[in-house]
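The same chain A turns up in both complexes below, where it pairs with chain B and then with chain C.
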Partner chain A sequence: MAEYKWPEADKRALIGKRISRIDGPDKVSGRAKYSYDIKRPGVLYARMLRSPHAHAKIVSIDITAAEKMPGVKAVRIIQEVGKEIKWAGDDIVGVAAIDEAAAEDAVRAIKVQYEILPHLVIDTDPQNAGDNAKPTAAVTQGDPAANFAAADVVSTEGFYGNHVITHCCLEAHGMTTEWSDDKNLLVHPSTQNVSGTAAQMATPLETPATNIRVHQDHIGGGFGSKFGPDSWGIECARISKQAGGKPVKLFLERAAELMVAGARPSSYAQVKVGAKKDGTLVAWDSVSWGTGGPGGGGSPPLPYVFNIPHQHKQHTAIANNIGPARAWRAPNHPQGCLITMSALEDMAAHLQMNALDFFLKNIDLTGPRAQVYRDELKIAADLIGWQKHWHQRGDKTAGPIKRGLGLSIHTWGGAGHASDCDITIQPDGSVELKMGTQDLGVGTRTALAIVVADTLGLPLTGVRILIGDNSYPVSGPSGGSTTIGGISASSRRGAVDARDLIFAKAAPALEAKPEELEAWGGMVRVKTDPSRSLTWAQACAKLGGMPITVRGKNPGPEKLNDQGVGGVQMADVSVDVETGIVKINKIVAVQDCGLIIDLKTAESQVYGALIMGVTYALYEEKIMDQQTGTMLNPNMEFYKLAGLGDIGELVVHMMTGKGYDERGPIGLGEPPTVSPGAVISNAVANAIGVRVPTLPLTPDQVLAALEKKGGNHARI
Partner chain B sequence: MHDDEKDDDQDLNQSHSGFSRRDFLKVGGISLSVPLVIGSRTIRVAGSDVKVYGPGKVPISLNINAKKYAAEVEPRMTLLDTLRNEFELTGAKRVCDRATCGACTVIIDGKSVYSCTVLAIDTQNKKITTVEGLTDGENLHPVQQAFVDNDAQQCGFCTPGFVVACKAFLDKHPHPTPEELGTGLGGNLCRCGTYMGIRAAVMQVAKGGQNG
Partner chain C sequence: MRAFEYTSPENVDQALHLLGNTWEDAAPLAGGTDLLALMKDDIVSPRRLVNIKEIGALRGLSIDAKRGLRIGALVTIQELADNPKVAHAYPVIAKTANEIAGPQIRNMATIGGNLCQRPRCWYYRSGHGLLARDEKGQSLVPGGDNRYHAILGNTGPAFFVSPSTLAPLFIALRAVVRLVGPRGPREIPLEKFYLIPKTESEREHDLKPNEIVTEVIIPLLGGARAATYEVRHKEAMEWPLALASVVLNMKGKTVSSARVLLGHVAPVPWRSAEAEAALVGNQISEAVARAAGEAAVANAKSLGRNGYKIQVARVAVKRAILAAA
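And then the complex of A and B:
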């Protein structure tokens, strides 16, 4: 019976080490081809005429002029006359032409008349949302009324929230499609879901999924927004068919990318917290609301992580005309975390308790990971100098620059997704793995190479990794931090089975039983007598003339990964109370993720999450104009991302070793993105003495909060 | 904006060999009435002689990575789109397409430039270096190697632009301070958040003094 469990620390040649990603040289040299870079022979370029209105009915469409323009090969009406359009930027007519300029010229020649309908694009006040507000039933746990009445301290009602932000993937959404013949479609998409794309295109295109070939070598960012082919992907294939099957490239322009291809739901809440004098939390009350576009959107988890014994909470979803929401790293968690950690930090300030002591006092409310949080809080506090730098709310030192500390904790699941792979070993010893997965920036190829090479006792270069094609074994979409867990487990099982087949062939030559062998340092050798050995190639030569292929699966025998992680972050910020500018001095992240496959890329994930967090805490907002119904900042000048000089000093500490490694790999993409908004907001409150109620903490919001001095009561 | 971008802008506006985006925009309204010809004609605009190209395709010749590239493009084609669509040099990426994010950074006559905001026709007779030109066969440039060593990349879409910007930056500031780094490379944006690796990569090259 094969033994799949992860090797002990002293038997890991590669797993857990700091290893540079294997596709790094391709990426730094420009050789890496993203789907956006693919230029198929005779390709036509597609452009969309988009609705300028947030809510309208199409009255007429005239494409005659566009069809006659030079270079135009197909004009396709996507939304028929009479159709109701529900957000600005939605596709109306698609055009394919011999170059981008000709396609753009043709789009300008299309005439569409709309009947404009009333719209709603703001979400800050459910009272103004009318029928668009969809209240859900209140949830009660314990006896909140009695416990608020009995609490020593009830915090003044706090208001907290964050606006809608967009994904802003640097590689826009889109694809190139072509009909190889009447029945077969070739797709080069930008997707987080290589194996699942064909199934989503099959029904609308009335083409069997088996006839749809999907290939993607690299993807330029997804963050949860690229799981499907999207309506425009389907239209791309239809336009391609209309143009005689020619390749058609349709990638969103930057403005469209920001308008229609991703929105993280907003979330706002009025919160009341009850506690005893010693800081023990007893009761929670929240009235929350937010929008995820036309669908409304779900409630964030409240209270987050801390299961306060007595709770009353009610959420209202606001359906509006901003375009559909999409999953964004750790869906709903950053919102729930911001609201909860802000309210708790405000309570600590109310009690004049050190926020760290207050969190520790209540840490058992976090459940099974309380000890992990305790350990992480201690490490984080040391790394940021919490006890030395923390002060009661409001930096009392002279001068306009106020400094403060904040903290937050978070959780995520991150179990491994379903994943299959084929591992082929040739008689010459060369090894190849095929898997229909994708590398979102996680380092998927590298993790696969590490697991297989470590299992077979080979160097990284001894394994060839092929991913990004739906002709390879099916592997799950990259979402919810499930990739590393899934792909490491399936590749481990496959590699162990493949290795055991080689052991069986090599054992007679080594006069040993297969189970007495190990693969280490490029050799197959007897565990108790390493001098009895074959090189890997010699061992594989025992296969005879034919290679072997082994299927590795997840789930499968033995539990190779777990779910559920805890992380702690602390931030040190300076705020200029004259200009309202927030500067990050330092952020510390302490994070567990079970067994780490590649420490270098794992740390990169956490650094990246912190930087994305600085960006959404300080800069990002999809600014909607209720007057026109459109987005005011669909570009990268005014939809701001943090730059290299904006991030301060970042420190990452990964929890590894006993208590962590034996859980197996657990995903890491989401958890460290959860806390940065809360931790920065708390540090700003600690610095300036008042709460800035909503993210992003832009100078105007900081100054407004200071002016009101009302702290929690400040409403935008 | 790159710290040296301003100079480029002035250079382009004063250029006598081609004509600038600003001039182009100035005459854009009348260009449609110009017959489709190859080559240029001179018209009088706002009291001065201006060469008009297009609106049809015109032949251009570019010096990219010490090689000559020829194509016929409309004068409105940017250098970025010409690199990508005509020459399949796809290392430079189109992201913001309006001089904000730096994913399209190339080096023109020693200065880092956003290739989305330069017309291809204006870059004739100039020395253009793209990310592809930094690699010597299979050998990575020290900046590229430092990016790999320090994992200064995740999805990698901003990476080629960053590599080129870092190369140009280090040529001017071989031993940068952290402050110089923050402003000098502030014209390139990353969404995955790879700035820590990029800082470390630049400092590795600066310490090794191997930028070349």
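And then the complex of A and C:
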């Protein structure tokens, strides 16, 4: 019986080491081809006529002039007359032409008349949202009324929130499609879901999914917004068919990418917290609201992580005309985290308690991972110098620059998804793995190479990894931090089975039983007598003339991964109280994720999450204009992303060893993105002595908070 | 982007022949960091681009002991920032230039282009015209999101802010801009080059469609003290929320004359006579700098979302004065 469990630390040659991405050189040199880079012979370029109105009905469409324009190969009405359009930027007509300029000229020649309908694009005031506000039923736990009444301290002034942000993928959404004949479609998408794309295209295209081939080598960002082909992907294939099957490239222009390809729901809450004098939390009350576009928006988990015994909460989803919401790393968690951690830190300040002591006082409310949080809080506090630098709210030092510390904790699941792979071993000893997965930032190729090479006792270069094609075994979509758990488990099981087949073939030559063998250092050898050995190639030669292929699966025998992680972050910021500018001095992230396959890519995930976190904490906002119903900053000039000069010093500490390794790999894409907004907001409050209620913490918001607080901070 | 004719003259005469009488006819192309973006967004669509980068006479940078600094229109911002003579004689110019945007922009963008770049108003850039009007002719700015709009000179109809970071400093340094058109060269103080448009057919500077900027002349600093202070949200690739450029002439410890210019606060680089008056005759101290900052924004007015910029501008003036002194 094969034994799949992860090797003990002394038997890991590669797992858990700090290993550079195997496809890193291709990416930094530009050799890596993203789907956006694919240029098929004779490709046509597609452009969309998009609705300029946030809410309108189509009265008429005239495409005759566009169809006659030089270079135009297909014009396709996507939304017919009479259709109600619910956000600016929605597709109305698609055009394919021999180059982008011809396609754009044709789009300009299309005439569409609209009946303009009333729109709502703001979300900050549910009172003004009318019928668009959809209250959900209140949820009560325990007896909040009695416990608020009995609490020593009740803070009632808490208002917190974050505006809508977009995914802003550097590689825009889109694909190139072509019909190889009238039955078979080839798709080069930018997707988080290689194996699942064909099934989503089959029905609308009336083509069997088996006839749809999907290939993607690299993806340039998804963050939860690229699970499906999207309406425009389906239209791309239809336009391609209309153009005689020719390849058609349809990737969103930057403005469309920011307008229509995904929004993270906003979330605002009025919060009341009740505590005892010693800091023990007893009661929570929140009235929250937010939007995720026409469908309303997700309800943030409140109170986040801390299960305060007595709770009352009510959420209102506001449906509006900003374009649909999509999952954004750890859906709803960053919002819930900001609201909760801000309210708790405000309570600590109210009690004049050190925020770290306050969090520790209540840490058992976090449930089964309380001890992990305790350990992580201690490490984070040491790394940021909490005891040395923390002060009561409001930096009292002279001058306009005020410094402060903040903290936050977060959680996530991260169980592995279903995953299959095929591992082939050739008689010459070469090894290949095929899996219909993708690398969304996980370092998928590298992780697979590490697991297989470690299992077979080979160097990293001894394994060839092929991913990104739906002709390979099915593996799940990359979302919700499910990839590393899934792909590591299936590749481990497959590699163990493949290795055991080689052991069975090699055993007679070594005069041993197969179970007495081990693969280590490029050798197959007897565990108790390593001098009895074959090189890997000699062992594989025993296969005879034919290779073997083994299927690895997850789920499968033995539990190889787990779920449920906790992380702690602390931030050190400086705020110029005369200009309202916030600067990050340092952020410390302490994170567990079970057994780490590659320490370097794991740390990189956290660095990336912190950078993205600084960005949404300080800069990002989908700014909508209620007059025109359109987005004012669908560009990378005023849709601001942090640069290297803005992120400060980032310190990452991964929890490893006993208590962590034996859980197996757990996903890491989501958890470290949850806390940065909260931790930076808390640090700013600690620095300037007043809460800036909403993210991003822009100069206008910081100065407004200071002015509201009064005193002479707001004026020089 | 719409189709256009591309021409590449070798001298100024050829360039002038290729330019037209309207902006729709032709536009001069230098670094292209603004023009190409405007064309891609379909905000302008000249039928012809006149690439002036091959014109040697528009290049070069020199310092003359009498006339001061001559900067050819095609000098890039990075060339200006890196020039050791400029760093020696005008450290404030080198420092200010080196803070603009990021290396990619500084390596492409030219001085002529920096002075002539178009406003970043998001209503303008999304097709509502320079004066940001809706179909009824009403400005979208006062009732809209005006967080980055003007706080001075904002009685309308123009509410955008002048985008150049160098123009306020150059005006504070009494720069002169030289242009050439069909009737030959002309020379005007840079301060007079910027205009607040009253109608959609006017532009925010006094450059005619058939003219090009050839060079900028900046008198010697003499003993004057100068500094720019810029308040930016991000470190790089970012527009200032407000900036101030200050040039102080001193008699002993007392300010004998001052020029205080604000940027990103008004439709033109904004000269503050009030701040200058608050400085003249005084020794520079925290209190005097603060008073000048107050004076600079005494007439500033919030449009609703941009009131914070009054504070930011006030601080920029104070800090520029303290940095200069």
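We adopt the following convention: the second predicted complex is superposed on the first by the 709 of 716 C-alpha atoms of A that agree within 3 Å, B and C clash if a C-alpha of one lies under 4 Å from a C-alpha of the other, contacts with A are read in each partner's own complex, and residues count from 1 in each chain.
Here is the rule we use: a residue touches a chain if its C-beta (ideal position, glycine included) is under 8 Å from a C-beta of that chain, and two chains touch if they have at least 3 such contacts.
The structure displayed is predicted, hence computed values, not measured ones.
Considered on the superposed chain A, chain B and chain C are sterically incompatible, since they clash. Looking at the shared chain after the overlay, A:627 reaches chain C, while chain B stays out of its contact range. Of the two partner chains placed around the shared chain by superposition, chain B and chain C are both touched by A:101. By the touch criterion defined above, A:383 lies against neither chain B nor chain C after alignment on the C-alpha atoms of chain A. Contact with chain C, but none with chain B, is seen for A:700 once the two complexes are overlaid on the shared chain.
Look at A:77: by the touch rule set out above, it reaches neither chain B nor chain C.
Judged by the touch definition given at the top, the superposed model places A:28 against chain B, while chain C stays out of reach. Looking at the shared chain after the overlay, A:418 reaches neither chain B nor chain C. Residue by residue along chain A, chain B and chain C are tallied for touches, and B comes out ahead. In the superposition on chain A, A:600 makes contact with chain B only, not with chain C. Contacts of A:171 after superposition on the shared chain: chain B is touched, whereas chain C is not. Steric collision with chain B, judged by C-alpha atoms after aligning on chain A, is confined to one stretch of chain C among 20-28, 128-136, 146-154 or 254-262, namely 20-28.
On chain A, the surface patch touched by chain B in one complex and by chain C in the other comprises residues 101, 635, 637, 642-643, 645-646. If you check the complex, the residues on chain B that touch chain A are 74, 76-77, 81, 84-85, 88-98, 100-101, 103, 130-132, 134-135, 140, 144-145, 147-149, 151, 153-160, 163, 179, 181-183, 185-199. The touching residues of chain C, counted against chain A in their complex, run 1-3, 102, 120, 122-123, 125-126, 128, 134, 140, 143-145, 147-148, 231-239, 241, 290, 293, 305-308, 311-312, 314-315, 318. Chain A contributes residues 20-21, 23-25, 27-34, 36-37, 39, 99-101, 168-172, 218-223, 253-254, 440-442, 600-601, 603-605, 607-612, 615, 635-637, 641-647, 650 to its touches with chain B in the complex. Contact residues on chain A toward chain C in their complex (touch as defined above): 101, 104-105, 578-581, 618-619, 623, 625-628, 630, 632-633, 635, 637-638, 640, 642-643, 645-646, 698-700, 703-704, 714-716.
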